[in-house]
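Below are structures written as structure tokens.
Below, subunit A partners subunit B and then partners subunit C, in two separate complexes.
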Partner chain A sequence: MALRELSSLEKSLGLKKSNKYSTQGDGKVPVLQNSKGPALVGLVTIAGHLVREAKSPELLGRTAEQRAVVQQWLEYRVTRVDKCPKEEVKVVLKELNEYLQDKVYLAGNNFTLADTLMYYGLHGIVVSLAIQEKEQYLNVTRWFDHIQHYPGVRHHLPPVVVLRNRVYPGIHH
Partner chain B sequence: MKLFVSEGNPHCLKVLAVLELTGVKCDVQHVNHEEKVVPFLSRTVLPALLLPTEDYLFSTNAICQYLSETSGLGTGEDSSQWLEWEATELQPAVMQALHMMVLHGKAAHASQALEGPLGYLEQSLSKRNMLFLTAETVAVTDVILWAALYPVLTGSLLQAGELKAVRAWFERVNLLPACETALQKVFKSKELDVLKGFLHKQPNPLIQQKDNQSCN
Partner chain C sequence: MALNLIVNSSNPPLGALLAAEHVKGTVNVSVQEGKDTKLHVSDQVQFNDVNSITRYLARVAPSLGLYGSNMLEQTEVDHWLEFSVRRLCGQSKVAPALGELDRALALRTFLVGHSLTLADLCVWAALKGSGEWQAIQASKSGSFRHLYRWFSFLSSQAPFATVGNQWASKITASKAATDE
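On to the complex of A and B.
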């Protein structure tokens, strides 16, 4: 999963040369052998490295505050969303839904690496949501749809159908 | 900018030590373990930092990175990898070990949980042969990892006879005045019992781990 995600990220960043990755440990942590130095280990670390290679540092945030927010959601992705026990899925969706209530992107008004990696990480969860659940987590769904249509992001993942109008408005449900 | 911390919370040791080290001016407010500070999170998560932009940071490592960036100290080149490892590999093992040790009194199980991550740290430190993790001088990353390991490496909890490089590195960081000051604020008595209140409020790491195994 993480490896396909990294090659999609390479494409979306417009990197010409694609890297070969391996994994280590039970958690299948991605590893990138680096000709310039020691190997890079971990999804967030490698993704950050790719963004710098592509000379798009703004994807890691434009200000110190935004950079911290981006790091925070990247960490949330690898610690909370990945290996999320079934009963925790709803907690994660609820938290993201509340957070995204007044936001266009995870770091506010700018698209960042946090959006890309969170989108990849949540894809499997959002695909399996019933229509009612998609409406329950409306802010997550809206953000998800926005990111999957963001130029160059989707790549290896199938699009998820998101209805733009509510099927179950209020009392008719 | 406002930092919310609680006593006997090992994560707060991290941010307070980094705050001391970087010298950033910040209003620190002590709250109890149950206080819900970050509005969008379902559980109480401390420490939390309210940014000048009105955003909340609830990730301890993101708070530390922010403090070091605004102080001009930076986190160093290799920091990203160490911080990711800390959050994904070390932290779950430390929480499991503390749970076993402090709440159940099972020291042997605690050591077992830490074997993998401590072995990896020992190997990395002895391979590089530098005074600190990323350089010959101390970096914010050292303080973050020191704080993460403090509850399990201090005192007699762990017999780390084999971990020579880890021990030597840990003692070097331990001597920093910033670490000493932060310790006094979080672990007043220096006994691990001070963590009990915090640990009781955390989801049981043992149950979570079992679930992870069954659904992966």
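On to the complex of A and C.
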């Protein structure tokens, strides 16, 4: 899972040469053997390295505050989303839904690495939502649909059908 | 082909200025201040109406996709152009129109399709010049939250910020003068 994600990320960043990854331990933590230095371990670490290699540092945030917010969501992705037990999924969605009410991207008005990795991480969850649930988590759905249509992001993942108008306008948020 | 956009400096057409700002890297278009708003294409062809001007600019720069990417999107763009003129500009009560916009934006980042179109430019321009919308924004009432998100997202983008800083203050100034 993490390995396909990293190779999609390489393509979306426009990196020509793709790296070889291995995994470590039971949690299948990705490892990148670096020719210039020690091996890099962990999804977020490797992703951050790829972003710098692609010379797109703005994807890690433009200001000090934005960089902190990006790191926060990257950590949220690996600690909350990846290890999310079934009964916790709704809590995560509710949390995100409230957060995204007044935002287009996770870090505000700019697309960042946090959007890409959260999109990959949440894909399995959003795919399984019923239409009514997608509408209940309206802001998550809107953000997700925007990111899956963002140029070059989707790659290995199938598109999720999202209605553009509400079917259950009675539900309040 | 050099286009020349002349804008009425006491009531600048924000939508046309935004469209010009977006296409300027693709099309050679200059902006001048004058008495009446007009897009000078050639000695035979000139446009006076803001929607005609924005439509023409979007069509001469097809690579930018400002007019949508298929027939359905083009029709949606036309709908919002009409909407901004009839329901938002010069109306005394815009609240019902704002409610409609808010519902339309619940599941959308942009009004039409997945990228910026004339619909966003013209509706943003109409709201920017609307006293009622300014008052709602200032009151922080928490209503029209989807519209608020969309409006501040666009306002943060470079072309919108440029046009807003350069021209929107003139609208407020001329409105204040007529109200007195």
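Here is the rule we go by: the second predicted complex is superposed on the first by the 170 of 173 C-alpha atoms of A that agree within 3 Å, B and C clash if a C-alpha of one lies under 4 Å from a C-alpha of the other, contacts with A are read in each partner's own complex, and residues count from 1 in each chain.
Heads up, the rule we're going with is that a contact is a pair of C-beta atoms (placed from the backbone, for glycine too) under 8 Å apart; a residue touches a chain by one contact, two chains touch by 3 or more.
Computed from a predicted structure; not experimentally measured.
> Thinking of the overlay built on chain A, is A:Arg4 touched by subunit B (first), by subunit C (second), by both, or by neither?
Neither partner.
> Figure out whether A:Val104 sits in contact with subunit B (first) or subunit C (second), or with both, or with neither.
second
> Tell me which partner A:Pro85 touches in the superposition: subunit B (first), subunit C (second), both or neither.
first
> Is A:Ala68 touching anything from subunit B or subunit C once the two structures are fitted on A? First, second, both or neither.
In the superposition, A:Ala68 contacts subunit B only.
> Pick one for A:Leu138: touches subunit B only (first), subunit C only (second), both, or neither.
The second partner, subunit C, only.
> Look at A:His156 in the shared chain and tell me whether it touches subunit B only, subunit C only, both, or neither; answer first, second, both or neither.
In the superposition, A:His156 touches no partner, neither subunit B nor subunit C.
> Using the touch definition from the top, say if A:Val44 reaches subunit B (first), subunit C (second), both or neither.
first
> Given the superposition on chain A, which partner contacts more residues in subunit A: subunit B or subunit C?
B
> So, A:Arg52: does it touch subunit B (first), subunit C (second), both, or neither?
In the superposition, A:Arg52 touches no partner, neither subunit B nor subunit C.
> For subunit A, which residues lie in the overlap of the subunit B contacts and the subunit C contacts?
Dual-contact residues (subunit A): 101.
> Once bound in the complex, which stretches of subunit A touch subunit B?
Contacts found on subunit A: 27, 29, 40-45, 48, 64-65, 67-69, 71-72, 75-76, 78-79, 83, 85-88, 91, 94-95, 98-99, 101, 108.
> Hey, which residues of subunit C end up touching subunit A in the complex?
Of all residues in subunit C, those touching subunit A are 103-104, 106-109, 114, 145, 148-149, 152-153, 156-157.
> Please output the residues of subunit A touching subunit C within their complex, sorted ascending.
Of all residues in subunit A, those touching subunit C are 101-104, 109, 138, 141-143, 145-146, 149-150, 162-166, 169.
> Would you pull the subunit B residues touching subunit A in the complex into a rising list?
39-43, 51-53, 55, 57-59, 61-63, 65-66, 69-70, 80-81, 83-85, 87-89, 91, 208, 211-212, 215-216
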